[in-house]
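Here the chain labels run A, B, C and D in written order, and each chain numbers its own residues starting at 1.
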Amino acid sequence: MRGDEWAMFKMTIVPRFGDADALGHINNTVAALWFETARRPIFELFCPDLVFSIGTFPFILAHADYDFVGELFFRHEVEIRTGIARIGTKSFTIRHEAWQEGRLGVKGNAVVACYDFASKRTVPVPDDKRALLAAHLIVDADI
Amino acid sequence: MRGDEWAMFKMTIVPRFGDADALGHINNTVAALWFETARRPIFELFCPDLVFSIGTFPFILAHADYDFVGELFFRHEVEIRTGIARIGTKSFTIRHEAWQEGRLGVKGNAVVACYDFASKRTVPVPDDKRALLAAHLIVDADI
Amino acid sequence: MRGDEWAMFKMTIVPRFGDADALGHINNTVAALWFETARRPIFELFCPDLVFSIGTFPFILAHADYDFVGELFFRHEVEIRTGIARIGTKSFTIRHEAWQEGRLGVKGNAVVACYDFASKRTVPVPDDKRALLAAHLIVDADI
Amino acid sequence: MRGDEWAMFKMTIVPRFGDADALGHINNTVAALWFETARRPIFELFCPDLVFSIGTFPFILAHADYDFVGELFFRHEVEIRTGIARIGTKSFTIRHEAWQEGRLGVKGNAVVACYDFASKRTVPVPDDKRALLAAHLIVDADI
C-alpha cells in the first residue's frame, strides 16, 4: 500500500513480549488488536470527540479478514497502514497492512456497516461521512 | 487452596496456543484474563441474570495481584480455584489460584469495592450479599 | 453447521466480563481468541502430546476470516463448533462457528498451510493427517 | 511519579475500542498488557538486540500488582511512566503508572527475578546490569 496520491493513515505499534508465541512469531490474534487500534482515525471521522453511547454509535463491524504473508517479531516496531478500499451504499471497507523493517507481515480488510442501534437496521453511509472517507480512498485498491 | 470445609468455585480453562510466549510458558497477562473469567460466579451472586448497566453495576475492581510461582504450559488444561479471602465493610477480597497437572502456577487476589456509579462513591457491602459471599469464605486464608 | 453425518468438534467458552465492549457486545477481536482455542483438537491430530518445538511444528496460519452475523453477550456461554471445510494439496481450511442461546454470532475460516520450518517452505499435507482430517470434513460445506 | 532527578521511561499508548468494557472504562486486564509493553526498555538493558532464546533469557516475572485508582477511557491517549523502584540481590522491582489527561489511572509493580533457565535457578543481578538499572532508580520510591 503506497499513499503518494491519497491520505494514508499510519500508526506505529510497539509489540509486547507476550505478543510472540512459542514459535517466536507474533500470534495471529494480535493483528486483530492492532488493526482495531488503527481504526481510531476512522472512528474520529464519524465522531470527532470519540464519546460514544449505544444511542449514537454509528456502525458495526460486519466482516474482518487477515492474510498472514510474512513473519513478524517482538524486537522491531510495526507500522500499521490504513486506508479506505471501498465506499458502498450502506457499508465501506477499511484496508490495513502491518509492516516491519520494510516487509509486509499481515494485510486485511474490515467491512463496516452503518447502523442505527435504535432500530437495529443498517442505514446509508451519510453523505458528509462519505466525503470524509473519500479523502482516504486507496488509489488502485484491488478488492 | 483446599475446599473441604467451604464452597470453592472451580472452572476449567483450555489454554490457547498464543497464550504461551516465546519461552513456551503461559504469559503473565493471561492470568488476568483467566481470573476475571473465574469471577463469573461472584458476579452472579450480585446479579443473577448477569444483565448489567452502568446504573446497576454493583462494584469496581480496586486492586489485583499475581504471584507467578510455577510454569504453566499450553498442552494441559488449567483449573482455576476461587474463594473469598476477606469480607470488609465496603470491600471484599477474592482469592484465585491456577493449577495445572497438580501444580500451582499462579495465585492472586482481586479486591472489589462495592460502588454506586450514580454518586461515584464506595458503599457498604449489602447484608444479603455479605451472607452469600460468606458461604465461599476460605478457611484459614492468609491475607 | 450441523454435525449429523460427520465428527464435529464442540467447545464451550465462558465469556469474560471484559470481552464485552462499550456497546455491551463481545468485541470482534475475541472471536480470534476463541477460534484459536477451538483449534486444539486439530493441533492434536498433528501432534497428540501437544509438545511443539520450532523444529517439529507442522503448519502455519495463512489466512483467517470472520463474519459477524449476530450479537454475542457476556451473560451466556458460547459454543464453538469446528470442522474441516476443505483439504487441499498443501493446505486445509478449518471452519468455526460461535453459537449462543441457539443463535449464530460469528462464523469464519482459518486456512492452515503445512510447513517445514527448517526449509521455510510449504509441504504437502501428510497422507496420515489427511485421513484424520477427513473424518471431520463438513458435509455440504460451502467454501 | 516524577522524573526530574532520574531517567524515567515514557511510552504513549493508543487505547483500542475493545479495551473499554461494558461500563465504558478500560478493563483491568489491559493494564497488564500496557505495562508489559512498557518494559521493553528494561528488556533492552539486558539484551540490546531483543533477540532472545530460552538459553539466554535473563529473567522471569515473579510478581505483578495493580492499583486501579482512577477511570481510564478509550478516547484519550495514555502515558505509561516506568522506573526502577528497588534493586535487590537476585531481583528488582519495576514501577509502572498509567496517566491519562493528567490523571493517574493505574499504578503497579512488577518483580523480576534474574534466572538461569538452564539450571532453573535464580541468580544474582549481574553487576553491569545493576549499574544500568540504577540510572532509572526512582527517587523517593515508596515500596
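The working rule: a contact is a pair of C-beta atoms (placed from the backbone, for glycine too) under 8 Å apart; a residue touches a chain by one contact, two chains touch by 3 or more.
Note that the structure is predicted; figures quoted are calculated from it, not measured.
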Chain pair, B-D or A-B, that carries the greater number of C-beta contacts: B-D
Taking each chain's C-alpha mean as its centre, the one farthest from chain D: C
Chain centre separation (chain A, chain D; CA means) in Å: 29
Distance from the mean Cα position of chain D to that of chain B, given in whole angstrom: 23
Inter-chain centre distance, chain A versus chain B - centres from mean C-alpha coordinates, in Å: 34
Chain D: positions in contact with at least two other chains: 16-18, 22, 24, 27-29, 33, 36, 74
Residues of chain D defined as touching chain A within the complex: 11, 14-18, 33, 36-37, 39-40, 43, 49-51, 74-75
Touching residues (chain side chain B, partner chain A) in the complex: 16-18, 20-22, 24, 27-30, 74
Complex contact set, residues of chain C against chain A: 22-24, 27-29, 32-33, 36, 52, 54, 57, 60-68, 117
